[in-house]
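The next block holds one structure in the form of structure tokens; read it before the comments.
Note that the chains take the letters A, B and C in the order they are written out, and that residue 1 is the start of every chain.
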Amino acid sequence: MNTTMTKKYPPMEVKKRKIIHASDVLAYAGLILWAIICLFPVYWMLTFSLKNNTEIFGENVIGLPRYWIWSNYSQALNTGHMYRYFLNSVIVAAATILITLIASFMATYAMTRLVWKPRKAMNKFFMLGLTIPIHASIVPIYVSLSKLHMLSTYWAVIIPYSAFSLAMGILISTGFMGDIPYDLDEAASIDGCGVWGTFLRIIAPLMLPAVATVGIYTFLQCWNELMFANVFISKDAIKTLPVGVQALSGQYTTDWGPIGAALSLATIPTLLVYVFLSKQIQESFIAGAVKG
Amino acid sequence: MKRPLSYKLSILAFLLPALILFIGVLIAPIIMSGYYSFFNWGGPGKVAEYIGLGNYRELFTSNSIKFMRALGNSLLLALFSVGIQLPLALLLALKLGKKIPGERAFLSIYFMPVLISTVVIGQLWLKIYNPDYGVLNMLLRSLGREDWAKIWLGDKKVALWACFVPILWQYVGYHMLLMYAGVKGVPPELNEAAMIDGCTESQVNRYIVIPYIKPILRVSVIFAVTGSLKSFDLIYVLTNGGPNHATEVPSTLMISMLFLRNRYGMGSTIAVMLILLCFAFALLISLAFREDK
Amino acid sequence: MKKLLAALLVALLALSSVCALAEQTTLTMWCIATESDANRPAYEAAIAEYEAAHPDVKIEWEAFENQSYKTKIKAAMADPDSLPDIFFTWAGAFLGDFVDMGNVYCLDDIYPAFAESLPEVMTQNASYGGKKYGVPLTMNIVTLFANMDLLAQAGWDHVPQTYEDLTACCDALVAAGITPFGCAGKETWCVTEYLEPIIEKTIGYEALNEVFAGRQTWNDEGIAASVSTFQDMINGGYFDPNGIALGNDEVKANFIAGKYAFYQNGSWNCGEVNDAEGNFQVALFPVMNAEKATYGQVIGGPSDTLAVSASSKNGELAANAAMELGKAICHYGYLAGSGLPAWTPDYDTSAVKPLVAAVADIVANAEGMVLFGDTAMSADAANTYLDYVGQVYGGDIDGAGFIAGLAADLQ
């Protein structure tokens, strides 16, 4: 069969290769063009962060900097408190990820491995969270936070971010937890493990791959969020990176170098992580969407 | 099977953290928003006055609020997204899915903008678009196309497009990645069989790959549309709804109602409209894809 | 019982203030004197001076960009605990909203100690129900800045004093390839800096005051005509079309760099313009309707204000600090040219910059004054008004649409 096939279609093999080659040139050019479009703004940002206004405004718009003005960076770091904003974003992201992981693993465990009637309905209920826009609850949350005197604290953003990451966390966890064999639960229960023991000793350790996926997803949600952070946080000491960058850009409207430096400072760490973890990060996003 | 009470309590305990967060931060506030939307209310510390559907009426008729304009803009953004962004993403995904040299490098480059903070992207494009010193106008001038140079974010006719380009730039990679994963998931036998039957590449894409990744396309369309309805960050940074509401979207309008005009009742009304719209569109799209099958 | 409690409370307060004296007290302050703001040096100098005079008090201050600060301070009012001890605000309805919410510390008790150098009339814009709530810093008016070098290139050796001259001058400038005006469309208050003087010079300051106060309808033919005049100027190519996408800092930088012949904005820019390279003068917008208005009528007044939050743990200390800081900011601001003094100068004023002196002269001879519209109106009304002003600048509505819309939306 195999031999007849190759014998039957030898000219086509050749032809096929040729056709692909011809159309590939165009397609390839397209792919490269889009890659340049993706990279150019970032390249431009990195270069103008090291230039002065005369270079940026005409002398040397897109070339490499002539003088490499590193003081733009020290200006952004010192007068712009970029350190502080960065640290705040890390604190907020870490706490949000932790809360999201704990809450979504526990809830997923109850909804996939414990036996009770309305568990499917409960899952659907949580999935509503995928569609609800984060903005819709801003007024009541704002009013409650202000009554509880929690505005301008880390919790003012950590709690809403966790709540809004929850639906995706449960969705991803459900996929991962479904892959864990149910025999394990039974074996554990025969060994005398209760539900808590099973969850803590058997299931949770096996959920490590989900930690990365949920973590990455949650991280990007809260790392970049602007609206809540902008409204709920007014103290400079608590500001997250997006709010800080926005404020800084308002202060240096006409001096582009330090703004470029601040933008670069906010971007470089994420890009560095991406260089090392690109595959893992991409897979998290795929898992997040495809399992929905 | 009868379970002991302690088992039921355990279930509740496992659900409790998620339920508290979910109900406390999502469900209850939405109900509160609905309640606030019936009041004329200047914010915490001020007396609220019950006005029934007054806010809703004003929202749709007022000349200075222009909610319909905002709604139209976000629908336009959704249309651009589905009509331009998704096809571009699909095209890239189909090409990349064909095992070409440098596949991973392309993938990683295309996806990179997704990871950059939206505020950074907004500020960066603000500089790119600057009418005097922005790199875009400079480029056009150096190419001798002075006449193409524009006040990108100040011209009512182009501002919305100008806002859409960074959105496109940032999110094409995201949709491309999802579709790419789908394309990679097509069983190779299917492709080979079709090739053997003499199908061209575009026929394979059309009759085999695209139908196969339909569930992913549905997810992409839902994300693109609901994402457009709730778009805020980029527009807030780029134009904050200006010039003259040319790029106003419901979220920017809501924020200015709340924190510029101190109209908390009206802000809540816009929030309620946003939720309704998001659910309506998610439902509609799901239905559309179901009928197709 | 009550008396006992009160006595105890007083004792406690006294004790705590003694304790506070023993260690350093920190007062927090928010303002809009960002690095690129003309007032920055005045704030720095004033704070340094205050801290030197009160070694036990430290001022921790933060500056925010003008437009976003308006959102921020309003948001913070919802949670008085998040307010700083001292905050910058605009007088008029802007501060009035906060006073209504009970978030502002009343300054009546400490005012007498400063009454000698702070004239009563200067505190009026920040007084509500007969009580004082704000410390005025500087007073400012809208002025027309002119780049005389560019005017000379178009054959003009003086700033036009009549509307006919102004149009002739602008036409000459356009013919010489010079953009006459720059106006930041991204910040609508900058557009009001153009529109309000035109309206005032058309209907007169008494009428405009009545309209801003809500006692007269916007439905006024004179206002519609003013809007048309403004739009005619825009359509005639007198304004930099790029302005609509720019912020005020960018437009000001353009003017100082010699890109525009005129720039109409607050007199707080005087120092900066004065120090820039080039030959600049200040003037007022010419009269449009001589039957109703005179050249000396101006837009402005003491608006920049410091206020103390009622929730401050060191209210009295903060109030005194606000007064002293206000006086010092006024002093350094006047010398630096970022505004005219609301406080009577008790220092040598011979070093005042020529442009500032020119504006001081204009104010001394003012024939009528109207407070900035968005300061005079409440938040909702002010933003509706700004919205319509934005539509005028963008050419979405004409004069008839402007007065009809505002008359309908603001009753």
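The rule we apply is simple: a residue touches a chain if its C-beta (ideal position, glycine included) is under 8 Å from a C-beta of that chain, and two chains touch if they have at least 3 such contacts.
Treat the numbers as computed from the prediction; the structure is a model and nothing was measured.
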{"item": "Chain occupying the most central position, where position means C-alpha average", "value": "B"}
{"item": "Pair exhibiting more inter-chain C-beta contacts, A-B or B-C", "value": "A-B"}
{"item": "Centre-to-centre distance between chain C and chain A (centres being mean Cα positions), rounded to whole Å", "value": "42"}
{"item": "Interchain centroid distance [CA atoms averaged], chain A/chain B, Å", "value": "15"}
{"item": "Distance from chain C to chain B - Cα centre to Cα centre, in angstrom", "value": "39"}
{"item": "Residue numbers of chain A (touch at least two other chains)", "value": "142-143, 146, 231, 246"}
{"item": "Junction residues of chain C, two or more chains touched", "value": "75, 78-79, 250"}
{"item": "Sites on chain B at which at least two other chains make contact", "value": "44, 132, 255, 259"}
{"item": "Complex contact set, residues of chain A against chain C", "value": "79, 142-143, 145-146, 149, 151-152, 231, 234-236, 246-247, 250-255"}
{"item": "Interfacial residue positions of chain C with respect to chain B in the complex", "value": "70-71, 74-75, 77-79, 97, 101-103, 185-186, 241-246, 250, 254, 379-380, 383-384, 387-388, 390-391, 393-394, 396, 405, 408-409"}
{"item": "In the complex with chain A, residue positions of chain C that touch it", "value": "34-36, 62-65, 67-68, 72, 75-76, 78-79, 81-82, 247, 249-250, 253"}
{"item": "Chain A-touching residues of chain B, taken from the complex the two chains share", "value": "1, 3, 7-8, 10-11, 14-19, 21-22, 24-26, 28-30, 32-33, 36, 44, 91-92, 95-96, 100, 106-121, 123-128, 132-133, 135, 138-139, 169, 172-174, 177-178, 181-182, 195-196, 198, 200-201, 215-216, 219-220, 223, 226, 229-230, 232-233, 236-237, 251, 254-255, 258-259, 264, 267-268, 271-272, 274-275, 278-279, 282"}
{"item": "In the complex, chain A residues that touch chain B", "value": "5, 9, 12, 16, 19-20, 23-24, 27-28, 30-31, 34-35, 37-39, 41-42, 44-45, 48, 56-58, 61-62, 99, 102-104, 106-107, 109-111, 114-116, 122, 126, 128-129, 131-144, 146-147, 159-160, 162-164, 166-167, 170, 194-196, 199, 220, 223-227, 231, 241-243, 245-246, 249, 256, 259-260, 263, 266-267, 270-271, 274, 278, 281-282, 285-286, 289-290, 292"}
